[in-house]
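Let me give you the structure first, and then I'll get to my questions.
Letters A, B, C, D, E and F name the chains as they come in the text, with residue numbers starting at 1 for each one.
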Amino acid sequence: MPIVNITMLEGRTEDQKRAATQAITEALVQHCGAKPENVVITIVDVPTTNVYMNGMLVSDKRRNPS
Amino acid sequence: MPIVNITMLEGRTEDQKRAATQAITEALVQHCGAKPENVVITIVDVPTTNVYMNGMLVSDKRRNPS
Amino acid sequence: MPIVNITMLEGRTEDQKRAATQAITEALVQHCGAKPENVVITIVDVPTTNVYMNGMLVSDKRRNPS
Amino acid sequence: MPIVNITMLEGRTEDQKRAATQAITEALVQHCGAKPENVVITIVDVPTTNVYMNGMLVSDKRRNPS
Amino acid sequence: MPIVNITMLEGRTEDQKRAATQAITEALVQHCGAKPENVVITIVDVPTTNVYMNGMLVSDKRRNPS
Amino acid sequence: MPIVNITMLEGRTEDQKRAATQAITEALVQHCGAKPENVVITIVDVPTTNVYMNGMLVSDKRRNPS
(Lines give C-alpha, C1' and ligand atoms only; values in the text may rest on other atoms or scores of the structure.)
Protein backbone atom coordinates (compact mmCIF):
# COMPACT_ATOMS: atom_id res chain seq x y z
CA MET A 1 0.00 0.00 0.00
CA PRO A 2 -0.56 2.36 -1.59
CA ILE A 3 -1.21 0.76 -4.97
CA VAL A 4 -0.70 3.22 -7.81
CA ASN A 5 -1.90 2.61 -11.35
CA ILE A 6 -0.73 5.09 -13.98
CA THR A 7 -2.24 5.24 -17.45
CA MET A 8 0.08 7.25 -19.68
CA LEU A 9 0.79 7.88 -23.35
CA GLU A 10 3.17 5.29 -24.76
CA GLY A 11 6.73 6.34 -25.57
CA ARG A 12 8.35 6.98 -22.19
CA THR A 13 11.72 5.28 -21.68
CA GLU A 14 12.65 2.84 -18.94
CA ASP A 15 14.85 5.54 -17.38
CA GLN A 16 11.89 7.93 -17.25
CA LYS A 17 9.71 5.25 -15.67
CA ARG A 18 12.41 4.37 -13.12
CA ALA A 19 12.87 8.01 -12.10
CA ALA A 20 9.11 8.71 -11.97
CA THR A 21 8.24 5.62 -9.90
CA GLN A 22 11.03 6.32 -7.41
CA ALA A 23 9.94 9.95 -7.03
CA ILE A 24 6.29 8.90 -6.63
CA THR A 25 7.30 6.41 -3.94
CA GLU A 26 9.22 9.12 -2.11
CA ALA A 27 6.17 11.38 -2.32
CA LEU A 28 3.95 8.69 -0.75
CA VAL A 29 6.53 7.88 1.93
CA GLN A 30 7.10 11.53 2.83
CA HIS A 31 3.52 12.77 2.71
CA CYS A 32 1.39 9.71 3.48
CA GLY A 33 3.70 7.71 5.76
CA ALA A 34 3.79 4.79 3.35
CA LYS A 35 6.52 2.15 3.75
CA PRO A 36 8.70 2.18 0.60
CA GLU A 37 8.67 -1.62 0.33
CA ASN A 38 4.86 -1.61 0.31
CA VAL A 39 4.39 0.87 -2.55
CA VAL A 40 3.35 -0.86 -5.76
CA ILE A 41 3.14 1.06 -9.04
CA THR A 42 1.93 -0.24 -12.40
CA ILE A 43 2.06 1.70 -15.65
CA VAL A 44 -0.25 1.04 -18.58
CA ASP A 45 0.93 2.61 -21.82
CA VAL A 46 -1.79 3.70 -24.26
CA PRO A 47 -1.70 5.26 -27.75
CA THR A 48 -2.98 8.81 -28.34
CA THR A 49 -6.15 7.38 -29.91
CA ASN A 50 -7.05 5.91 -26.52
CA VAL A 51 -7.15 9.09 -24.45
CA TYR A 52 -9.97 11.62 -24.53
CA MET A 53 -9.26 14.84 -22.63
CA ASN A 54 -10.28 18.51 -22.88
CA GLY A 55 -13.04 17.61 -25.31
CA MET A 56 -11.14 15.52 -27.86
CA LEU A 57 -8.94 12.50 -28.51
CA VAL A 58 -5.27 13.31 -27.89
CA SER A 59 -4.58 11.96 -31.40
CA ASP A 60 -6.84 14.68 -32.84
CA LYS A 61 -5.27 17.30 -30.62
CA ARG A 62 -1.83 16.31 -31.93
CA ARG A 63 -3.03 16.74 -35.53
CA ASN A 64 -4.65 20.12 -34.80
CA PRO A 65 -2.61 21.64 -32.02
CA SER A 66 -4.33 25.09 -32.33
CA MET B 1 -14.24 14.49 -13.35
CA PRO B 2 -15.63 12.04 -14.01
CA ILE B 3 -12.69 9.82 -14.93
CA VAL B 4 -13.75 6.94 -17.17
CA ASN B 5 -11.58 3.91 -17.86
CA ILE B 6 -12.80 1.54 -20.55
CA THR B 7 -11.30 -1.93 -21.05
CA MET B 8 -12.38 -3.20 -24.45
CA LEU B 9 -11.46 -5.84 -27.00
CA GLU B 10 -8.74 -4.62 -29.34
CA GLY B 11 -9.69 -3.82 -32.93
CA ARG B 12 -11.87 -0.70 -32.70
CA THR B 13 -10.89 2.13 -35.06
CA GLU B 14 -9.94 5.68 -34.10
CA ASP B 15 -13.24 6.87 -35.58
CA GLN B 16 -15.17 4.45 -33.36
CA LYS B 17 -13.22 5.61 -30.31
CA ARG B 18 -13.78 9.28 -31.17
CA ALA B 19 -17.53 8.80 -31.58
CA ALA B 20 -17.86 6.66 -28.43
CA THR B 21 -15.87 9.03 -26.19
CA GLN B 22 -17.83 12.05 -27.42
CA ALA B 23 -21.15 10.28 -26.82
CA ILE B 24 -20.03 9.13 -23.36
CA THR B 25 -19.03 12.69 -22.49
CA GLU B 26 -22.45 13.95 -23.60
CA ALA B 27 -24.09 11.28 -21.45
CA LEU B 28 -22.12 12.40 -18.38
CA VAL B 29 -22.79 16.08 -19.08
CA GLN B 30 -26.50 15.56 -19.65
CA HIS B 31 -27.22 13.08 -16.87
CA CYS B 32 -24.59 13.82 -14.21
CA GLY B 33 -23.98 17.55 -14.73
CA ALA B 34 -20.33 16.98 -15.58
CA LYS B 35 -18.41 19.79 -17.31
CA PRO B 36 -17.29 18.54 -20.75
CA GLU B 37 -13.76 19.88 -20.31
CA ASN B 38 -13.39 17.89 -17.07
CA VAL B 39 -14.36 14.49 -18.50
CA VAL B 40 -11.32 12.25 -18.98
CA ILE B 41 -11.63 8.90 -20.74
CA THR B 42 -8.92 6.29 -21.22
CA ILE B 43 -9.30 3.11 -23.26
CA VAL B 44 -7.22 -0.01 -22.68
CA ASP B 45 -7.36 -2.48 -25.56
CA VAL B 46 -7.04 -6.16 -24.65
CA PRO B 47 -6.99 -9.37 -26.72
CA THR B 48 -9.81 -11.93 -26.47
CA THR B 49 -7.54 -14.17 -24.36
CA ASN B 50 -7.58 -11.48 -21.65
CA VAL B 51 -11.31 -11.29 -20.98
CA TYR B 52 -13.30 -13.85 -19.01
CA MET B 53 -17.08 -13.37 -19.15
CA ASN B 54 -20.17 -15.59 -18.97
CA GLY B 55 -18.07 -18.47 -17.71
CA MET B 56 -15.29 -18.54 -20.29
CA LEU B 57 -12.49 -16.66 -22.03
CA VAL B 58 -13.83 -14.63 -24.96
CA SER B 59 -11.20 -16.35 -27.13
CA ASP B 60 -12.82 -19.73 -26.34
CA LYS B 61 -16.27 -18.30 -26.93
CA ARG B 62 -15.14 -17.09 -30.39
CA ARG B 63 -13.89 -20.60 -31.24
CA ASN B 64 -17.10 -22.26 -30.04
CA PRO B 65 -19.84 -19.72 -30.57
CA SER B 66 -22.66 -22.23 -29.80
CA MET C 1 -17.24 -6.19 -22.87
CA PRO C 2 -16.58 -3.36 -22.77
CA ILE C 3 -15.95 -2.96 -19.05
CA VAL C 4 -16.33 0.65 -17.94
CA ASN C 5 -15.13 1.96 -14.60
CA ILE C 6 -16.17 5.49 -13.70
CA THR C 7 -14.62 7.40 -10.81
CA MET C 8 -16.84 10.35 -10.00
CA LEU C 9 -17.50 12.86 -7.24
CA GLU C 10 -19.95 11.47 -4.67
CA GLY C 11 -23.46 12.95 -4.58
CA ARG C 12 -25.10 11.75 -7.81
CA THR C 13 -28.54 10.18 -7.38
CA GLU C 14 -29.60 6.69 -8.43
CA ASP C 15 -31.69 8.25 -11.19
CA GLN C 16 -28.65 10.09 -12.54
CA LYS C 17 -26.59 6.90 -12.44
CA ARG C 18 -29.35 4.91 -14.18
CA ALA C 19 -29.67 7.47 -16.97
CA ALA C 20 -25.91 7.85 -17.42
CA THR C 21 -25.17 4.12 -17.52
CA GLN C 22 -27.96 3.50 -20.04
CA ALA C 23 -26.73 6.33 -22.27
CA ILE C 24 -23.14 5.10 -22.02
CA THR C 25 -24.27 1.60 -22.99
CA GLU C 26 -26.11 3.00 -26.01
CA ALA C 27 -22.96 4.92 -27.00
CA LEU C 28 -20.86 1.73 -26.87
CA VAL C 29 -23.50 -0.28 -28.75
CA GLN C 30 -23.94 2.36 -31.45
CA HIS C 31 -20.31 3.35 -31.96
CA CYS C 32 -18.31 0.26 -30.97
CA GLY C 33 -20.73 -2.55 -31.88
CA ALA C 34 -20.89 -3.75 -28.28
CA LYS C 35 -23.73 -6.10 -27.27
CA PRO C 36 -25.87 -4.33 -24.63
CA GLU C 37 -25.98 -7.41 -22.39
CA ASN C 38 -22.16 -7.53 -22.34
CA VAL C 39 -21.57 -3.93 -21.22
CA VAL C 40 -20.57 -3.75 -17.56
CA ILE C 41 -20.24 -0.40 -15.80
CA THR C 42 -19.05 0.23 -12.24
CA ILE C 43 -19.06 3.60 -10.51
CA VAL C 44 -16.75 4.49 -7.64
CA ASP C 45 -17.84 7.59 -5.73
CA VAL C 46 -15.06 9.69 -4.21
CA PRO C 47 -15.05 12.86 -2.09
CA THR C 48 -13.64 16.14 -3.44
CA THR C 49 -10.51 15.64 -1.31
CA ASN C 50 -9.70 12.56 -3.40
CA VAL C 51 -9.49 14.15 -6.85
CA TYR C 52 -6.59 16.26 -8.10
CA MET C 53 -7.21 18.00 -11.43
CA ASN C 54 -6.07 21.22 -13.13
CA GLY C 55 -3.30 21.63 -10.56
CA MET C 56 -5.26 21.27 -7.33
CA LEU C 57 -7.53 19.14 -5.20
CA VAL C 58 -11.19 19.63 -6.18
CA SER C 59 -11.90 20.38 -2.50
CA ASP C 60 -9.52 23.37 -2.69
CA LYS C 61 -11.03 24.45 -5.99
CA ARG C 62 -14.49 24.44 -4.39
CA ARG C 63 -13.23 26.67 -1.55
CA ASN C 64 -11.52 29.10 -3.94
CA PRO C 65 -13.54 28.97 -7.12
CA SER C 66 -11.71 31.98 -8.73
CA MET D 1 -20.21 -8.87 -10.17
CA PRO D 2 -17.59 -9.07 -8.95
CA ILE D 3 -15.49 -7.33 -11.58
CA VAL D 4 -11.85 -8.38 -11.39
CA ASN D 5 -9.03 -6.53 -13.13
CA ILE D 6 -5.63 -8.20 -13.10
CA THR D 7 -2.45 -6.38 -14.10
CA MET D 8 0.25 -8.97 -14.72
CA LEU D 9 3.62 -9.32 -16.40
CA GLU D 10 3.25 -10.17 -20.09
CA GLY D 11 4.15 -13.69 -21.22
CA ARG D 12 1.44 -15.93 -19.72
CA THR D 13 -0.19 -18.32 -22.17
CA GLU D 14 -3.86 -18.58 -23.01
CA ASP D 15 -3.99 -21.88 -21.13
CA GLN D 16 -2.58 -20.24 -18.01
CA LYS D 17 -5.09 -17.41 -18.29
CA ARG D 18 -7.98 -19.86 -18.80
CA ALA D 19 -7.02 -21.91 -15.75
CA ALA D 20 -6.41 -18.84 -13.56
CA THR D 21 -9.69 -17.10 -14.45
CA GLN D 22 -11.69 -20.27 -13.87
CA ALA D 23 -10.03 -20.83 -10.48
CA ILE D 24 -10.58 -17.18 -9.51
CA THR D 25 -14.25 -17.47 -10.46
CA GLU D 26 -14.59 -20.59 -8.31
CA ALA D 27 -12.94 -18.72 -5.42
CA LEU D 28 -15.45 -15.87 -5.71
CA VAL D 29 -18.40 -18.25 -6.05
CA GLN D 30 -17.33 -20.38 -3.10
CA HIS D 31 -16.23 -17.66 -0.71
CA CYS D 32 -18.27 -14.60 -1.71
CA GLY D 33 -21.47 -16.20 -3.04
CA ALA D 34 -20.94 -14.72 -6.49
CA LYS D 35 -22.92 -16.17 -9.42
CA PRO D 36 -20.43 -17.65 -11.92
CA GLU D 37 -22.16 -16.03 -14.90
CA ASN D 38 -21.77 -12.60 -13.28
CA VAL D 39 -18.02 -12.78 -12.67
CA VAL D 40 -16.09 -10.66 -15.15
CA ILE D 41 -12.30 -10.75 -15.27
CA THR D 42 -9.99 -8.64 -17.44
CA ILE D 43 -6.23 -9.07 -17.68
CA VAL D 44 -3.87 -6.28 -18.68
CA ASP D 45 -0.41 -7.50 -19.65
CA VAL D 46 2.49 -5.14 -18.92
CA PRO D 47 6.26 -5.34 -19.53
CA THR D 48 8.73 -5.57 -16.63
CA THR D 49 9.62 -1.90 -17.14
CA ASN D 50 6.06 -0.99 -16.16
CA VAL D 51 5.95 -2.51 -12.68
CA TYR D 52 7.61 -1.00 -9.61
CA MET D 53 7.58 -3.26 -6.53
CA ASN D 54 9.81 -3.83 -3.49
CA GLY D 55 11.68 -0.61 -4.20
CA MET D 56 12.57 -1.07 -7.87
CA LEU D 57 11.35 -1.70 -11.40
CA VAL D 58 10.90 -5.42 -12.05
CA SER D 59 13.12 -4.98 -15.13
CA ASP D 60 15.96 -3.84 -12.85
CA LYS D 61 15.26 -6.67 -10.43
CA ARG D 62 15.54 -9.16 -13.32
CA ARG D 63 18.96 -7.73 -14.28
CA ASN D 64 20.23 -7.79 -10.70
CA PRO D 65 18.45 -10.66 -9.02
CA SER D 66 20.66 -10.52 -5.88
CA MET E 1 2.74 -9.11 -9.35
CA PRO E 2 0.09 -9.83 -10.30
CA ILE E 3 -1.91 -6.88 -8.99
CA VAL E 4 -5.60 -7.73 -8.65
CA ASN E 5 -8.33 -5.14 -8.17
CA ILE E 6 -11.78 -6.43 -7.36
CA THR E 7 -14.89 -4.24 -7.49
CA MET E 8 -17.68 -5.99 -5.62
CA LEU E 9 -21.06 -5.28 -4.06
CA GLU E 10 -20.67 -4.09 -0.48
CA GLY E 11 -21.69 -6.43 2.33
CA ARG E 12 -19.09 -9.22 2.27
CA THR E 13 -17.52 -10.03 5.63
CA GLU E 14 -13.85 -9.95 6.52
CA ASP E 15 -13.87 -13.75 6.68
CA GLN E 16 -15.24 -13.95 3.14
CA LYS E 17 -12.61 -11.49 1.91
CA ARG E 18 -9.82 -13.41 3.67
CA ALA E 19 -10.90 -16.72 2.15
CA ALA E 20 -11.41 -15.25 -1.33
CA THR E 21 -8.07 -13.41 -1.45
CA GLN E 22 -6.18 -16.50 -0.26
CA ALA E 23 -7.89 -18.70 -2.86
CA ILE E 24 -7.23 -16.14 -5.61
CA THR E 25 -3.57 -16.02 -4.61
CA GLU E 26 -3.36 -19.82 -4.79
CA ALA E 27 -4.97 -19.70 -8.24
CA LEU E 28 -2.35 -17.22 -9.48
CA VAL E 29 0.51 -19.17 -7.90
CA GLN E 30 -0.68 -22.50 -9.29
CA HIS E 31 -1.70 -21.42 -12.77
CA CYS E 32 0.48 -18.36 -13.51
CA GLY E 33 3.62 -19.14 -11.50
CA ALA E 34 3.21 -16.04 -9.35
CA LYS E 35 5.13 -15.80 -6.08
CA PRO E 36 2.62 -15.64 -3.18
CA GLU E 37 4.45 -12.76 -1.51
CA ASN E 38 4.18 -10.69 -4.71
CA VAL E 39 0.41 -11.02 -5.17
CA VAL E 40 -1.41 -7.84 -4.20
CA ILE E 41 -5.21 -7.71 -4.07
CA THR E 42 -7.40 -4.69 -3.38
CA ILE E 43 -11.18 -4.77 -3.00
CA VAL E 44 -13.41 -1.78 -3.65
CA ASP E 45 -16.91 -2.19 -2.21
CA VAL E 46 -19.72 -0.46 -4.12
CA PRO E 47 -23.49 -0.16 -3.53
CA THR E 48 -26.00 -1.80 -5.90
CA THR E 49 -26.74 1.62 -7.41
CA ASN E 50 -23.17 1.74 -8.70
CA VAL E 51 -23.14 -1.39 -10.85
CA TYR E 52 -24.78 -1.68 -14.27
CA MET E 53 -24.89 -5.21 -15.69
CA ASN E 54 -27.15 -7.22 -18.00
CA GLY E 55 -28.90 -4.04 -19.12
CA MET E 56 -29.76 -2.47 -15.77
CA LEU E 57 -28.52 -1.18 -12.42
CA VAL E 58 -28.20 -4.02 -9.89
CA SER E 59 -30.37 -1.92 -7.54
CA ASP E 60 -33.20 -2.05 -10.10
CA LYS E 61 -32.65 -5.77 -10.65
CA ARG E 62 -32.97 -6.33 -6.91
CA ARG E 63 -36.31 -4.48 -6.88
CA ASN E 64 -37.62 -6.37 -9.92
CA PRO E 65 -35.99 -9.77 -9.80
CA SER E 66 -38.23 -11.22 -12.58
CA MET F 1 -2.36 12.62 -19.04
CA PRO F 2 -1.03 10.84 -17.18
CA ILE F 3 -4.03 9.55 -15.26
CA VAL F 4 -3.05 8.25 -11.82
CA ASN F 5 -5.33 6.13 -9.65
CA ILE F 6 -4.17 5.49 -6.10
CA THR F 7 -5.79 2.87 -3.87
CA MET F 8 -4.73 3.55 -0.28
CA LEU F 9 -5.72 2.69 3.27
CA GLU F 10 -8.37 5.08 4.57
CA GLY F 11 -7.34 7.62 7.22
CA ARG F 12 -5.07 10.07 5.39
CA THR F 13 -5.94 13.73 5.87
CA GLU F 14 -6.75 16.26 3.18
CA ASP F 15 -3.39 17.93 3.84
CA GLN F 16 -1.57 14.64 3.25
CA LYS F 17 -3.51 14.08 0.03
CA ARG F 18 -2.80 17.63 -1.17
CA ALA F 19 0.93 17.30 -0.53
CA ALA F 20 1.14 13.82 -2.06
CA THR F 21 -0.78 14.70 -5.24
CA GLN F 22 1.30 17.84 -5.79
CA ALA F 23 4.56 15.91 -5.31
CA ILE F 24 3.35 13.14 -7.65
CA THR F 25 2.47 15.74 -10.27
CA GLU F 26 5.94 17.27 -9.97
CA ALA F 27 7.47 13.80 -10.37
CA LEU F 28 5.51 13.21 -13.59
CA VAL F 29 6.32 16.68 -14.93
CA GLN F 30 10.01 16.39 -14.12
CA HIS F 31 10.62 12.80 -15.19
CA CYS F 32 7.99 12.12 -17.86
CA GLY F 33 7.52 15.58 -19.40
CA ALA F 34 3.86 15.70 -18.42
CA LYS F 35 2.07 19.05 -18.45
CA PRO F 36 0.95 19.85 -14.86
CA GLU F 37 -2.54 20.89 -15.99
CA ASN F 38 -3.03 17.49 -17.70
CA VAL F 39 -2.16 15.33 -14.67
CA VAL F 40 -5.26 13.80 -13.11
CA ILE F 41 -5.07 11.87 -9.84
CA THR F 42 -7.86 10.01 -8.08
CA ILE F 43 -7.59 8.38 -4.67
CA VAL F 44 -9.78 5.51 -3.53
CA ASP F 45 -9.70 4.94 0.22
CA VAL F 46 -10.16 1.35 1.39
CA PRO F 47 -10.33 -0.29 4.85
CA THR F 48 -7.61 -2.70 6.02
CA THR F 49 -9.98 -5.62 5.37
CA ASN F 50 -9.88 -4.78 1.67
CA VAL F 51 -6.14 -5.10 1.05
CA TYR F 52 -4.27 -8.41 0.74
CA MET F 53 -0.48 -8.07 0.63
CA ASN F 54 2.52 -10.16 1.70
CA GLY F 55 0.29 -13.21 2.14
CA MET F 56 -2.45 -11.79 4.34
CA LEU F 57 -5.15 -9.16 4.78
CA VAL F 58 -3.71 -5.93 6.21
CA SER F 59 -6.39 -6.15 8.94
CA ASP F 60 -4.91 -9.48 10.07
CA LYS F 61 -1.40 -8.10 9.85
CA ARG F 62 -2.45 -5.20 12.13
CA ARG F 63 -3.82 -7.69 14.72
CA ASN F 64 -0.70 -9.88 14.58
CA PRO F 65 2.12 -7.54 13.74
CA SER F 66 4.85 -10.20 14.44
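Everything below uses one rule, namely that contacts are C-beta pairs under 8 Å (C-beta built on N, C-alpha and C of every residue); 3 or more make two chains touch, one makes a residue touch a chain.
The model shown is predicted, which means the values in this text are computed figures rather than measured ones.
Chemist: Using the contact definition given at the top, which chains are in touch with both subunit B and subunit E?
Modeler: A, C, D, F
Chemist: Treat each pair of touching chains as one step and give the shortest count from subunit C to subunit E.
Modeler: Graph distance in the chain contact network comes out at 1.
Chemist: With contacts defined as at the top, give the pair, B-F or B-C, that has more of them.
Modeler: Result of the comparison of B-F and B-C: B-C.
Chemist: Using only Cα atoms, superpose subunit C on subunit D and state the rotation angle in degrees, rounded to the nearest 5.
Modeler: Fitting subunit C to subunit D on C-alpha positions yields an angle of 180 degrees.
Chemist: Call it same or different for subunit B and subunit D: same when shared residue numbers make up over half of all numbers used at their interface.
Modeler: different
Chemist: Go ahead and note the Å separation of the Cα centroids belonging to subunit A and subunit F.
Modeler: 13
Chemist: Just how far, in Å, is the C-alpha centre of subunit E from the one of subunit A?
Modeler: It comes to 25 Å between the two C-alpha centres.
Chemist: Taking each chain's centre as the mean position of its Cα atoms, how many Å separate subunit A from subunit C?
Modeler: Roughly 20 Å separates the two chain centres.
Chemist: Could you list which residues of subunit D touch at least two other chains?
Modeler: Touching at least two other chains: 3, 5, 7, 17, 40, 42, 44, 51, 53.
Chemist: On the basis of the stated criterion, which chains touch which? Give every pair.
Modeler: The complete list of chain pairs in contact reads A-B, A-D, A-E, A-F, B-C, B-D, B-F, C-D, C-E, C-F, D-E, E-F.
Chemist: Using the touch definition up top, name the residues of subunit E that touch subunit D in the complex.
Modeler: Spelled out, the residues of subunit E in touch with subunit D are 1-9, 12, 16-17, 19-20, 23-24, 26-28, 30-34, 38, 51, 53, 58.
Chemist: Can you list the subunit C residues touching subunit E in their complex?
Modeler: 5, 14, 17-18, 21-22, 25, 36-37, 39-45
Chemist: Which bits of subunit E are touching subunit C when the two form their complex?
Modeler: Subunit E residues touching subunit C: 7, 44, 46, 49-57, 59-60.
Chemist: In the complex of these two chains, what residues of subunit D are touching subunit C?
Modeler: 3, 5, 40, 42
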